[in-house]
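Chain naming follows the written order as A, B, C and D, and within any one chain the residues start at number 1.
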C-alpha cells in the first residue's frame, strides 16, 4: 500500500500519517524530493479499514493498492509522472532531453572537444565513461579518477551536467563527488549493493535496463533505489539480447509506452548500444521519441573509426545536430499525444 | 552478379544482354514489373572481364556484385528503391500507407462496417483473415471462401484494395482470385512451396517476418519470390519472440532502417501483433514511421472485447483516425530524412 | 474431456459410448491405433453428471479432464504412454531407438553405402532428405522423387524402415507411397494444412519442434494430428534458437522429461541439428538418453567434409557405433528410473 | 601466447623463462596452484622467433598461441585439464562431485539437518546462501554473517566443505573467512570488481554462467580470475533465458562438451535453477553427467513446500540419494568416453 500526500500538504501532515503507521508497527519507505511525499507501507498485511482511515487524514491525496511486485515505482503512486532534474535539465517534462558524449573518456583533448560539439549541437548533458565495464580483461578499462577530473573540467567549460557510470559500491562516493548523475549500467542492473549505495547519495540515478532483464525485473531494480528514499531515477532502454546478430542488440521500443503506463518514472533511450550500428542511430532516435521517450543518450566521437571503444556505433557531431533538430520537431508535434499513451 | 538496365532501356537492349549471358551458359533470374529490368546471374563463377563487357552494352545501367547470400533483393540492384503498387496505393513512395481491418473476417456485417470505418479514418487498404493460422485445432479457423467473398464486397463498396493471408499452395489461386495482395504470414515465412506459388501469380506479396527469423533469412525468403520473377514484394516487421512476456512479441524497429539499407524492397510495420496490447499500438505506429517505415498494418475492430481473435490488440476507429493524422504529420516532417537512413 | 476405454474393451462398448455422446450433441475426436481407444469430447461445456455416468459404462477405463489447451495429447489420456511402431521398431518401449542417415540424399551410391553403415552400427531406421527445406533458393533443394526411390532401395537391401521429410500438402501422398514414417520439419511445425494431410495417411508422423516454438505450441501441433484420428506421433526435440552463436541451436533437453510428464507421446532427440557441431553429437546423444529420450535421430555421412548439406554436424559410422553401444548401456542402466521422471 | 612448464620443471626454470620475458618488456600473467606453471604473455605482439626460442628452454613443455580472446582459460594451456580441489573434493578428476544444500540458510536447525542428509545421501559438499541476490527488495535477503556461522558449524559436524555466494567486493573477505569455496552467482558473472576481489583470495571460485551470457563472455569472466593468478576456477552451467516459460530457465547442456573442448577448467551443472521444476532435477542431473559434467550442484530442502526461496525446484533427500547412486553408475560407465568429447 502507498499513501500519496497532496502537493500542498505540510510536513506536519505527512508526519502525522507516518506516526500513525509506525505506531501500528508497519515498516515504511518514504519517497520525496522529486514530487509530493509518498509513503510505502509494507512488512505485513494491512487491515481492511486502514485505507479509508488514511484517506480521511489531512493532506492525504490518495491511497494506492495493487498487486504489482514493485510498490513505490508503480504509476498509481504519482499518476502525473515524476520529473527528475539534473541541474537545469528535466526528464519527464517538456521536450526530450538529449545526452551525448563519447563511450569512454580517452583524453582531456578528446573530451573537451566533444563536449563543445555536444553543446553546439544542442545536447543538454554530457556522458562519458571513466570506469568501463569490459567483457575482456585485456580491453581498455577506462582512465579512472583522471577521467572523472576531465569530465568535471568539461562541465566547467560548457555548463553541461555530467552523467557517468559507477561500477562498484566502493566507487560510489568518489564518482558522486564529480558527477551530476550516476549511471548504473546494463550489466549491473541487478547489482543490489551498488543500487543501494547509489541510492544513498543525493544524486539522481540513470538506471539502464539489463540486456536480458524483463520489464518487471527492471522496475524491481528501480524499486530498490526508491525504497532507499531516492526517487530521482531515470530509466534507460538500451537494447536486449536476441537471436539475430544483424544488430548488436534489439532496441525494445515497446518498453517505452509500456514503462510510461506502468511507472511514474521517466524513460530515455540509448540508440547507440541498442543498435550497435552508426547508420541506425538517427532513425532509431526519432523512433524512440515518437514512441514517447523523455530523452536520448547517444555516443558521439570526433573520429569514430579511431575510438577506443564502441567506434562502430558512434556518430559524428553533424548527425547529432540533425537528430536534435528533428527530435525537437517530433517532440513538439507529439506533445498532445499524451492521452493516447497512458 | 546482377545487371540492372536503365529505366529507358528498350526491350531489345535487355534481350541482347540476356542472349549474351544465356549464350555463355549462365542461369538467369529476371525481375521486372516494379521498376527497370534487373537480370540475376548465377549458377557458376563469373569471368573477370564480364562485368566490364556488360557495362559497355547499350541500355545497361550498372553491374552489381556482392557477397550477400540474397542476390536480387540486395539494395545495390535498385539503389533508388522499389515502389510496389496495389491499385492506387504505393508502398515505397510518398507518405506512409496505412492498411487496417479486423484480425479475422467474422461476418459480413462486421467487415462492411469496419471497412467503412477504415475508409473514413483515412486507411488506404483493407486487411482481414479468411483463412486463419491458429496454434490450436479448437480455435476459430476462419470463414474460408465465404470470408473472401465478404472482403471482395467490402472492396466494391469502399474502393479499398484488399490484402488477405494465404496458408497453403493449393489455396493460392483461390485467394488470388479475390485479393489484391497476398499475405504470407509469420509462420509461413519459410514455407518455400507457398512462397513459390504466391510468386507465380501476378499479385503483389506482403511477406511478414518469421517471429524467430533473422533479417538475412527474411531477405532470403523474399529472394525466393524475386527469383520466380515477381518483384512486387512488401516486407512487414511484426515482432520477434523474446524472453519477456510483458508484451506478446518484441517489435524490432531496428529492422526498419536496416532493411532500408540492405534491400530495395519497401517495408511496413504491424504494431498490433508486434505489441499485443491495444494501448501500445498508437505510440508504436508513430515510432515505426519515424524509423522510416513505408506503411503500417493495424488491426481494428468495432467492438474489440468481443473479437473472435486478437481482441486485446485491436484498436477502435477513433484511435485509427488519430494514428492516420499523426503518421501523416511525422511522414511529412521526415521526408527529408532519407539521406540519414540509407 | 477425454474418455479412455480399457485395453480389453470391445468395439461395441466403445460404440455405445460414442453413440451416447453423439446423441447429446458433442463433437468427438477418436484416437485409436497405437493403444486403447480414446474419445475426445469438445465443442461445448460438459454437464456435471456426465463423467460419472460415463465411468459406469462397460469398457470405460477412466475419464480425464484438465485445462490444458491440448486435449488428446495430454498424459492423462494414456498414463502408461503411447508406443509408436514403425515396422519392427518401437518408440516408447524398450531401449532407445536410433535413427541415422545422411542429411540429404545426394546419390544412390552414397545412400546405399550409408544405409549399410547404419545397419552395421546398430541403427534401427534410416533417415535422409529427398525434399530439403533450404533458407536460400540457391542451395541444393534435394533430388525429389529420385531420392525417394533411392531410399526405398536402401530399405529393400538393409531392411531398415525409412523416415523422410515432407514439405507441402500436395507432396504427402507421393512421399507416403515410399516412406515408412513422415517427418514434419522444424520450419513446418505450425504448417496446419501439412499436419492435417500427413495425419490423414496411415503413416506414423515424426513431428520436430519448431526452433522457436514453446512446448505448448508443439503439443498443440501434435494435437492437430491426433484430432484427425492419427495417434502414431513421435515428437522430436532438435534445438531452439538462442542468443549464443557458439552452437547452431541450443538443444533443450529440459523438454525431454517435461514432455514425458505432459503427454503420452514418445519423444526422441536430434543432437545433430541441436548442436551443429560434430564433436558434440556423441556426448549430447548420451545426455538425451539419460534425460529419458525414447530414441535419437543422427546425421551421418561417409565423408562429412564433402557433404552437400550439414557436413559440420555429420558424424562418421565409427562414432555412430560408439553411440549405439553407450546409449544401450545407459538405457539398460536407467530403465528403473521411470518413477523418478513422471 | 602462453608458455606452459613441464609438471617436473623446477622453480628456477620457470623463473628463467619469466626473467627473459620480463626483460623483453612483456606483461605477464602467472597461473599456478592447480597444475604446472603457465605463463601468459600479453601487452604487445610477439616476435616470430620467440616461440621457438622458448620451446628450447629447460623445463618448458609447450608454447600455445591462438586467436581466442581468452588466453589463460583456453584448453591448449593445459590440454590434460585442471583439477580444482576443495578439501578432499576434486572437480575435474574421478567421478562427478555432487554439491547439495538449501537455496538459502533459513535457520540453524534447517541447515544442520539438511547437511546431515547431504552427507548420508553421498553428497561431497554443502551449498547454502547466507547473502541472497533477490529481484525484489521485499524478498528475504538472507541471514548474512549469522548464516555463514551456521554453515561453518554444519561443516564442523559433517566434514563437508562449504560453498556460498558472495555478492559484493566488500563482502569477499568476510565470506572467505568462513567458506571453502566462493560462489559468483549468475547475475554477477560480469561484475568485474567482484571477480577480481574473489580471485585475490586463496579460495577456489565457483563461477556460474550469466543467464544471458555467451560461452565466450563466460570464459572471459573466468579469464579475469585467472589473470589475477587464481586458477582454481570451476564453471557452472545453470540455465539460460529463452522464449519459453514452460521451465524457469533452459538448461544449456550443449555448454558441457563445448566447455570441455574450449577450456581446461572443470564444469559442473545446476539442474535446480536450470529447470526450476522439482520433477526435472533427477533426469537432468543424469543428462548433465552423461554430457560430461564434472559435478552437480543441487538444491534440497527437508520440506520443499515451506522453503523461503526456490521451493518449487528443491528436491528431498530421498531423490538426492537416488541421484547420487545413478550419477555414480553413469560416471563409471562413461569414464572411457573422454576421447569422444575432447
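Keep this in mind: contacts are C-beta pairs under 8 Å (C-beta built on N, C-alpha and C of every residue); 3 or more make two chains touch, one makes a residue touch a chain.
Please read all numbers here as calculations on a predicted model, not as lab measurements.
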- Starting at chain A, what is the smallest number of hops through touching chains needed to reach chain C? 1
- Message: Using C-alpha centres only, name the chain that sits farthest from chain A.
- Response: C
- Distance in whole angstrom between the CA centres of chain B and chain C is 35
- Let me have the rounded angstrom distance from the C-alpha centre of chain B over to the C-alpha centre of chain D, please. 50
- Message: Going by the contact rule already set, what residues in chain D reach two or more other chains?
- Response: 212, 216, 241-243, 245
- Query: Tell me, which parts of chain A touch chain B in their complex?
  - Reply: 212, 214-216, 240, 242-247, 250-254, 256-258, 261, 274-275, 277, 279-280, 282-284, 286-292, 319, 322, 326, 329-330, 333-334, 337, 340-342
- Message: Considering only the defined contacts, which chain C positions touch chain A in the complex?
- Response: 212, 241-243, 245
- In their shared complex, at which residues does chain D touch chain A? 42, 69-71, 133-138, 167-171, 187-188, 190-194, 211-212, 216-217, 220-221, 223-224, 227, 241
